[in-house]
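Order as written gives the chain letters A, B, C and D; numbering starts at 1 within each chain.
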Amino acid sequence: MEVSKAKSIHAKELLTAQNDEWHPKIVAFLCNWCSYAGADLAGVSRLQYGPNVRIIRVPCSARVNPQYIVKALQNGADGVLVSGCHPGDCHYISGNLVARRKFALTKMLMEFVGVEPERVQFSWVSASEGGRFADLMNRVIADVKRVGPAKRLVKHLP
Amino acid sequence: MSNAQTTELRQIAKRLLEEGKIDLFIGFQEGTLPLRSRPAFVSAEAATADSPATGSPGAGSLIWDSFCATNLAVYLPKYYENQPGRRKKREKPYPKIGVAAKGCDMRSIVALTKERQVQRDSLVVVGVPCRGMIDTRKVEAAVAAKRGSAGDGGSAAAEEILEARETEAGKLEVTTRSFGVLTFDREEVLQDCCLECRYPMPEGADILLPGQARKPGDGGYARVERFMEKSSEQRWEYFSSELSRCIRCNACRQACPTCWCKECFAEQTDLKWIGVGNTPSDAMVFQIIRVFHQAGRCVECDACYRACPMHIDLRLYTKKIVKDVEETFGYLPAFDAEALPPLATFGDEQCDFFITDPDKNEAAEGTG
Amino acid sequence: MKTPVEQKLARPQAPSNPYLPYPVVIEEIRIENEARDLKTFQLAFEREEDRKAFRYLPGQFAEVSVLGSGESPFGIASSPTEQDFLLFTVKLTGSVTADLHGSEPGRRLGVRGPLGNSFPWDRLRGKRIIIISGGFAFTTLRSAITYMLHPDNRGDFGEIFALYGARSPGELMYKSELAAWKKSDAIDLNLAVDREPGEPWDGKVGLVPNVLRELAPSTDGAIALVCGPPIMIRFTIPVLQELGFAKEDIILSLENRMKCGIGKCGRCNVGAKYVCVDGPVFSFAELENLPPEY
Amino acid sequence: MSDNKERTFMDRGIIRKADIPKLAAERRLFAPAREGTVPPGTCELKENPAEIAYRFSNTRVPLKDIFFPQTETMYTFDFDEVSEVSIPTDPILVFGCRPCDTRALAQLDAVFGPQNKGYTDPYYMKRRESSIIISLACSDPCPTCFCTATGGSPAGTRGADIVAHELEGDSLLFEAVTEKGSALLKSYNPLFAEAADPLVAEVREKDAAVEKAVHQANNLGVSLGEDIAALKDRMDPLFDKRIWENLTASCIGCGACTYLCPTCHCFDIADESRLYQGRRIRTWDSCQFASFTKHASGHNPRTNKKERLRQRFMHKFSYAVENMGEVLCVGCGRCITACPVNLDIRDVIRSFAKEPSRENAS
């Protein structure tokens, strides 16, 4: 936490500067080899999608521990998206296949406890699918906007 | 308490200890509360008689009855711990331990063997065909209801129950303070996990006690299915109200044979996953992750549910993860020591049902 | 300025909320060793009244608070005679110390204290002082030496012998102080390193207990203050006893995990003694009667 | 220490049960209630309950929770700026807690109050100073109650301002123990009817019978009320003996016993923050957790459950005797029913009480 006071104030302003309209915050865990490259391609292709996504690059979708997802929701993310290579295309051969098993259970368990299904989403986007990435983002943003600001599971600090 | 299983168990434990086949036998002895038998650790020196000086019970104190619900596998990993960094060089050989095991204890032993937390070849498992264990809470609830109908508002029943006995005829007789002796059918007061249990017979035990195991149950997925029919709001309402009682005592984690991590994620400090208080959000996050960590490992023994002093309905959530694992990956942790745990492998299964596909035009929906 | 020891010993009035830290600012950060995992933080009080209220004696500790990461107890390395600042030498171990090590001068921290007892100054007066220390535990002894060497106090004590050992010359802390003390006649400072270093070295070579046996300071009217890692303590105490020190005259300082620092949170106890209020300084005679839970 | 020996009451009166909420006109009322408790039928202390419960053994969560809440914000911060929080000082009236719990509260006063090394814990003491405690004497103790063995009594007065007894019909006998209690009786004088001596004598008789019953049911072989150090003297020499391994063999290391103990008061202090804004909280902590004493370096003075559980019992029956002059156990029996493996504190007490000679216990 070696941040100067100036930096911290800047960060705070960024977070508190809001118009009246609510903009969901969505955390996206993207695998380095496919989905992140897909996001890159969407950028260089100048495809438009909502600015609500905070991307976290991970080496592989299998690197995403369900704890990360729950923690993001607890810290106030309105939605979490995890995206990796299409099954069969994993840079590490089988990472996303292992991940898929975890994610299936995560998705079902989160729904079961009563977290809205829109909040936790998983997808596959390849490096060449810039368009698919932009569509995915818009889709997730629309889904999260429909259910509104996150309330369940969010930890409020004074 | 004397029954055929108890007599046999005492003899076996005594013999094993005396012959030096084991250093320690873990079973049950009479508890200090009605409806509760408690774990007993019989050491070799106490094989023939109690050792009052060291407080160690003798083999003659061992019992087996319908109150032996605790999953004894929870005690085993401790004995097989390696010193950090000394995996290869173990100074002393692994202790030889005898343990009485019901179906669920046996499943835990298999799971722990698979996860290399116990050395199966230094264990002597005395399997007990399980007739199901009596649920303290059901008996208490029944007594409480009785008190309620007696017209003073209903009260906690723990203090009402003075004594409980099983009869030969499969009945449970409970002596109460206000209503004399109440008699219950075993079946009405068995633990739900026993009623639902699919593996009451401990397969793969080294020695099997005589007796008839109960008829296997159906797994009890129906309650999970019924719960899933509720709306997301209702499910959240239930989850959050249950967890609002949580005092973060960690009894659920500590009672669970599967939770053997030396350092729980909840206690990691370099990266703090959750707060230490009983803030509802922290309690819920803890429980979600705990349940998730049970995926493919939970043996449905309900140790967590029994242990919870605040009576939180944890079994609903562990059952959900058991059901999902079985239905999605066809895996159920039973007695097969070779089967790979579902999250340690992958298959060609079609389980893309939860994937958001922007090319398809449906909105995100529940996975049902 | 000379204040009688007894007057300083009086516990200052506890603040109305003893959990609230005094605001302090990091003035300077010094890297103490080659491994760069020991840093000394020089802190200054923001408010003059806090500085005045913070009356301490060598051997006491304080809770240093890094908002957002937490609080940790550290022995006070500065001496009450150094009135303008507080020194804490911190080893990089956990999350609070990591946060501290990542700080820059100018950062605001909090300090709660002074806490605990101190070295038994009323007993130490008029005595010869034998100081034995190894590694990073030298902090409160730096405080003690600086305090005793102050012109106002030096006359209160007899001969001061100090043995300070570290793994290598680069791991010795407080280099400028050591250099000054080396030159001074007021203290007999002996430095030791564990193994023959690959650089010029004019001190002793060997582990602290062995060097101590070799130097064999006289026990005549002497009290030993010993601070070091548990392994050093374990082997040093027999040597001190061999030399003829009574158990009461071997003074040690304990560490245990602490939270409140004021005897309430219940985690630092060793037997019936709370390290935070009954300690951290104990004599070997006292420790012998306590369970080994430290 | 035995609080059943000296009983002096200042004022007394009879009040109708229905009038209890009136006593709390200017206070926050906490009283036992069954509303919404799980499992149904148990009692918990609730604020302003719709209906006050009687005929219960004890509340599951102890009284300490009101004065020493499980999670409490000590102060908040914004980057490096600390803001104090206002400690709630609204006057509190607790009605219906059991005498064992009030006795535990008196012990917590000694921990958090200035008599403990001169430091006052403001969070606890501010709440405590403005509170009035009316305990409800036990008429129906449960099988796990052993207050008499620890020097308490089912109608003990220690820690309470007023002790109440249930009478026939819907009324209660109030007897003030402290000035505060007496003042409350005086200021609500119209609500009280006079209590005649024979009636009080009858109540005393019943008390004695209940006390005798508890003593007979749970005579643990010691009477810590008479000989405070009875256990300490036997436990201290056995500190490193094998008896502890056997006593603690079945412990699974959860914190249920400590969290539900009315006298356990260990706490943790931790920071919770998000982007430089946050709070410093204190929360209950338990000596049964491995992380409780673990140093940042990884060293842990108490590495296993034997050492941790021994700490719990030694603290209660030995260290506290040395430091506070009393045992930190009031015999409420909560830890017995809460323990997932039925590790019974009474067994521990008994095994030291009867410990015949120390040489045997090698």
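Everything that follows uses one rule, which is that a residue touches a chain if its C-beta (ideal position, glycine included) is under 8 Å from a C-beta of that chain, and two chains touch if they have at least 3 such contacts.
Keep in mind that this is a model prediction, so the values were computed, not measured.
Undergrad: Could you pull out the chain whose C-alpha mean position is farthest off from that of chain D?
TA: A
Undergrad: Please work out which of B-C and A-D is bridged by more C-beta pairs in contact, and write that pair.
TA: Answer by contact count: A-D.
Undergrad: Averaging only over C-alpha atoms, locate the centres of chain A and chain D and give their separation in whole Å.
TA: Here the centre of chain D sits 48 Å away from the centre of chain A.
Undergrad: Averaging over Cα atoms per chain, report the distance between chain A and chain B in Å.
TA: Roughly 36 Å separates the two chain centres.
Undergrad: What are the residues of chain D that contact at least two other chains?
TA: 79-80, 268, 270, 272-273, 276, 278, 285
Undergrad: Identify all positions of chain B at which a residue touches two or more other chains, and write them in rising order.
TA: 269, 275, 279
Undergrad: List, in ascending order, every residue of chain C touching at least 2 other chains.
TA: 68-69, 94
Undergrad: If we count contacts the way the header does, which residues on chain B are in touch with chain A in the complex?
TA: 224, 227-228, 232-240, 265, 273-275, 279, 281-282, 284-285, 288-289, 291-292, 295, 317, 320-321, 324-325, 328-329, 342-343, 345-346, 351-359, 363-367
Undergrad: Under the touch definition given earlier, write down the residues of chain D that touch chain C in their complex.
TA: Spelled out, the residues of chain D in touch with chain C are 74-75, 77, 79-80, 82, 84, 111-112, 114, 116-123, 239-240, 265-271, 273, 276, 278, 280, 282, 285, 287, 292-297, 299, 301-302, 307, 311, 314-315, 318-319, 322-323.
Undergrad: Mind listing the chain A positions that touch chain D in their complex?
TA: Residue positions touching the partner: 1, 3, 5, 8-9, 11-12, 15, 75-76, 157-158.
Undergrad: Going by the contact rule set out above, which residues of chain D touch chain B in the complex?
TA: Answer in residue numbers: 34, 38-43, 53, 55-57, 60-61, 70-71, 140-144, 242-243, 245-247, 249-250, 252-256, 258-260, 268, 270, 272, 281, 283-286, 289-291, 336-338, 340-344, 346-347, 351, 360-362.
Undergrad: Name, in rising order, each residue of chain A that touches chain B in their complex.
TA: Residue list for chain A touching chain B: 66-67, 70-71, 74, 81, 87, 94, 97-98, 100-118, 121-124, 132, 135-136, 138-140, 143, 146, 152-156.
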